[in-house]
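Pasting in a structure now, in structure tokens, and then I'll have a few things to ask.
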Amino acid sequence: MKAQVKANELLLENKAFIEKPNKQWFIRVFVLAVLICIGLYALVLQVIEGHLITGMRDNVVWGVYIVNFVFILGLSYAGALIAGVFHLARVEWAKPLQRILKLITVFSLIVGPIYILLCLGRPERLFNLFLYPRIQSPITWDLIAILTDLIFCVVYLYFTYIKDFALLRDNSNSLNLYGWRKKLYKFLALGYQNTPEQTKLLNQALDIMAAIIIPTSIIAYSLLAWLFGMNLKVGWHSAMTAPFFVLSAVYSGIALLIIIMWIYRKTQKLEKVFTDNHFLYLGFALVILSLFYGYFYFSQYITDWYNLQETANRLLDKYLDFSQYGFHFSIAIFLVAFLPSIIIGLPWFRSINSIVLTSVLVLAGLWVMRYLMIVPVLETPYLPMQDFRESWVHYSATWIEWSLTIAGISAFILFFIVASKFAPIIPISEMLEKKGENKLVIFYKTRRKLSKK
Amino acid sequence: MKPTYILSAPLLFLFFFCYVPTKTMAATNIQKKTKTRLKVYYEKLPNSNKKISIILFKGSGKKMAGIKNAEIFLTTYNLEEEQVLTSLYTDANGEATLIIEANYLFPKDEHGYSIIKAMYHGADSLKAAKKQIKFMDLNIDISFDIVDSIKLITVSTFEIDSIGSKVPISGVELNIGVERLFSTLYLSKIKTKKGIGIMEFPNDIAGDSLGAINIIVKIDDDDDYGTITKSAKNNWGTIVDYSIAPNGRTLFGDEAPLWMIISVFVVLAGAWYHFILAIYKVLKIKKIEQNLLQKS
Amino acid sequence: MKDKKGNSRRKFLSAGLKIGVATAAGGLAAANVFEEPPTKGEKIKVLTTDGTVIEVEKPVTDCKINPCVPAKGVEARKGIPGRSFVMVIDLAKCKNARKCVESCQKGHDLLPDQELMKVYLMKDNPESEPFWFPKNCFHCDNPPCVKVCPVGATFKRTDNIVLVDADRCIGCKFCISACPYSARILNWADKESYASNDPSYSPETQVPGQHGTVSKCDFCPDRARVGKLPYCASSCPMGAIYFGDKNEDAVTNGEETLRFKELIKERVGYRYLEELGTEPNVYYLPPVNRMFPYERGFSKLSEEQKEILLNSISKP
């Protein structure tokens, strides 16, 4: 009961952020809506005039769109993976982060796949994927995986909201809310009354979901990686692809988590919830992941370096040639593989702001690394590119692609703004559960005794 | 001196004034007719019909262009007397074709030659043209023998004289080949001796699934005999297996390998079973609340 | 004959009507309204045994494979029974005349910058002489493009041909990136002659094309049905492209017909990037004993274009 009282207190303490929105909130939504509309205008142009107005051509058939697709879905799988592991391992300090992680998962799972639709020459024929499915194609795997993951993650997100919806329902009279919201909370809380029986059931469901989300996200992101790995292209056709993708995903997920945590700490004054320790722990995670990233990258490219195959050489030369991708490559690899160690790993530059700044730079660097993993490879086919049209040889994204990229990011932010208005950004009920109260239930009990007493 | 110049200037002017226009006018009146040319080919088809192909054209090389809708008169000579055969109209490419059925008795001269004369009478802007060819009506017979397991194609070339008996013709160059989808694959070139040519047929010529092939014997644009094609079928080809050997690990077929279907099914079934289990547990929460409400 | 006259009169009338409309509309150019009148030579005359002359219709096509019309729908996915199409390109004969590219574009209703057949300038090693390398789709026996298609819009047939069904293609471009030979293109720009789900469309002809779908060399099976070589092979002025049926062991460039196995054996024919294991059905004869110096192929190119080509092969 004590926890319940505390929860009510915490909710009322932060009630300003979920009550009726003010002017500032509407301005933010408006600005984002305008950015999304610009993207929609670009989309309409693309549909009417065809893909010729993008930078994509016969060699670089996938451009910024697929980079965004891979990058954003990476964030999603990272969110699910980290949330699931933290939940099952009952990591106490990570409890306040759970909601942000799950929101990242769901929102990027909604935004990400839009970019693959933008890549399609005939998006209106998408139903052919269900009419004539071929399991041999990595795209079919991907479709199944993304759909499964989206359903699982949306349901999981909802499950984690149930306790808080019940809290909101019980406190709705002391909050300044629209009437429809009160009704909605009552409906969504599913009659959760915090009875021990109900709590046990819900906790079991949450454990099951966390357990299935972890393998689903790993499999789904590996399948996405095999979209490239199953290709005969030099630079993609590597067994490294899937593990490397999963690692980069977790890395980018942690970086984004730090940024979003910082934004809510600043705007909603959650210093007591998102403590300095959170930044420190996640910052160290960033350092470790950056070292892993460096290790993976090094082992991939040192093998390529020793490889003398002509096309592989041509590709490697592009990364090292400063008139081509040399600058992008050296800056991006510095950001993702070395910067966290220097800024966070060493004691002299370490601070909340520097950790956040590093996260921003790492996120940008990881996006560029994705770009470098996709575009130069497509620009390096086995046959020489003997086209007299410059745009056919070298890819450069047009404003259509950039504005749709910005629209996607805006939509992601907008989802967060609306979601954090609808319910607290921190899982209040879950946070206040006592340590050891929520024990892990083992479903498949061992039939024999594991050890003789 | 000076006055003469002064006088001659207007005279000269007058001269050019009159002369130049009359010259251009004359050019339009007496238009120069374009030269035309005729080409006539004689061909004997596999069914022994004779085919006369005619092309009427102007210009040469890249500027060569057929003349369409022109009437071409065909005549032949029957014992020094010119005999009209028919007239033909050229098509869009300037080409015209006449088929002469095998049993039509085409007149011959004393040396055994038949003559075809094609004439074009010209038009407003086109000159007349004529062309005459002569050909000898040669017949080809093909027979197959296997002697000591060697496959032999025997080709006999002969002419049928006025009383209907075969007269062997020697020294005819023949191309022997097999019919293929796009063209004839020529295997050998032989010359008949005493009206007979023999060719040894190789053992490694691909046939169809039964080994059937179509042997083609052809005389190509000969001065005396024109073009003659004759064909005969047999089953001397090698038997080709049309079934495709499946490659076990390929993935391009319509059906996915079984292991892939099983793994997808197992992974999905495992995930969805637990998912439904979790949903079931959450839906129970609602029931518990209803029970609570009923109790109170 | 009567029928024909009536027909032409109707045509004349309709032409007159059109002119009337055109002049009424205000002196529009009426000259192109006239239709080409049919020539009189559309029929063949036959001199029969008894000396009379009759007229018969000209045989329209030289039907070699039944049915003679391009296959559509499910039939198009099966392939012509008993055929195994194969191409042999003699690199010693190619001088970049680009007639293959142009006739293919014309035959498949492509834009001038869409090339299903491309001619590359290649060089095997720094010491060797460059050579021209015409490259279409290799119609691999183990096609990496077909593997990755999510909807089965591209398929391998029993006659070796790999085709695209543009009515089913979703334009995901996975096959384009999966092809190691850069053989596939997308119809990036829309065109007036394009039409989706057109009843006359056949994957064998790829006409009419469709916007946003993948296109590729189709080995022209529609032409094979009437005994014609593909556009590229029949238009090459040098006779560099041989085409035929591997089951028949014969390839032809229209002028000469050679035995396929003997040709590959004697001229040491090879397949490009054999090591990838795609098992192509296009063979190349090495550019030895050339008929021309490779510089002859630059005649139609600007200095700038020439430089681009030479640069792309100078640093392999």
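Which chain is which? They are A, B and C, in the order written, and residues in each are numbered from 1.
Simple rule for what comes next: contacts are C-beta pairs under 8 Å (C-beta built on N, C-alpha and C of every residue); 3 or more make two chains touch, one makes a residue touch a chain.
Worth saying up front: this structure is predicted, and the values here are computed from it rather than measured.
Participant: So what shape is it, when you link every pair of chains that touch: line, ring, star, complete or other?
Facilitator: If you draw each chain as a dot and join those that touch, every dot ends up joined to every other.
Participant: Going by C-alpha centroids, which chain is farthest from chain A? Tell me that one.
Facilitator: Of all the other chains, the one whose centre lies farthest from chain A is B.
Participant: So which chain ends up in the middle if you average the CA atoms?
Facilitator: Ranked by how close its C-alpha centre lies to the overall one, first comes C.
Participant: Tell me which of A-B and A-C has more C-beta pairs in contact.
Facilitator: Comparing A-B with A-C, the pair joined by more C-beta contacts is A-C.
Participant: From the C-alpha centre of chain B to that of chain C, how far is it in Å?
Facilitator: 18
Participant: Between chain A and chain B, what distance separates the C-alpha centroids? Give it in angstrom.
Facilitator: For chain A versus chain B, the centre distance works out to 64 Å.
Participant: Per the centroid of Cα atoms for each chain, what is the distance between chain A and chain C, given in Å?
Facilitator: 47
Participant: At which residue positions does chain A touch at least two other chains?
Facilitator: Within chain A, the residues that touch at least two other chains are 134, 136.
Participant: Would you please write down the residue numbers of chain B that are in contact with two or more other chains?
Facilitator: Counting only residues that touch two or more other chains, chain B contributes 251-252, 254.
Participant: Can you list every residue of chain C that touches 2 or more other chains, as numbers and ranges?
Facilitator: 147, 152 - these are the residues of chain C that touch more than one other chain.
Participant: Flag every residue of chain A that touches chain B in the complex, lowest number first.
Facilitator: Listed in rising order, the residues of chain A that touch chain B are 134-136, 141, 144, 148, 151-152, 155, 159, 162, 190-193, 195, 197-198, 201-202, 204-206, 208-209, 211-212, 215-216, 219.
Participant: Flag every residue of chain B that touches chain A in the complex, lowest number first.
Facilitator: 251-252, 254, 256-257, 260-261, 264, 267-268, 271-272, 274-275, 277-279, 281-286, 288-290, 292
Participant: Mind listing the chain C positions that touch chain B in their complex?
Facilitator: 39-42, 44-49, 51, 53, 56, 58, 64-65, 81-83, 141-143, 146-147, 152, 155-156, 158, 224, 227-229, 243-245, 247-250, 252, 254, 257-259
Participant: Can you list the chain B residues touching chain C in their complex?
Facilitator: 68-69, 85-86, 88-92, 95-104, 177, 180-186, 205-206, 208-209, 240, 242, 244, 247, 250-254
Participant: If you look only at chain A, which of its residues touch chain C in the complex?
Facilitator: My answer: residues 49-52, 56-59, 61-62, 116, 119-123, 125-126, 128-129, 131-134, 136-140, 143, 227, 230-233, 310, 314, 378, 381-386, 388-389.
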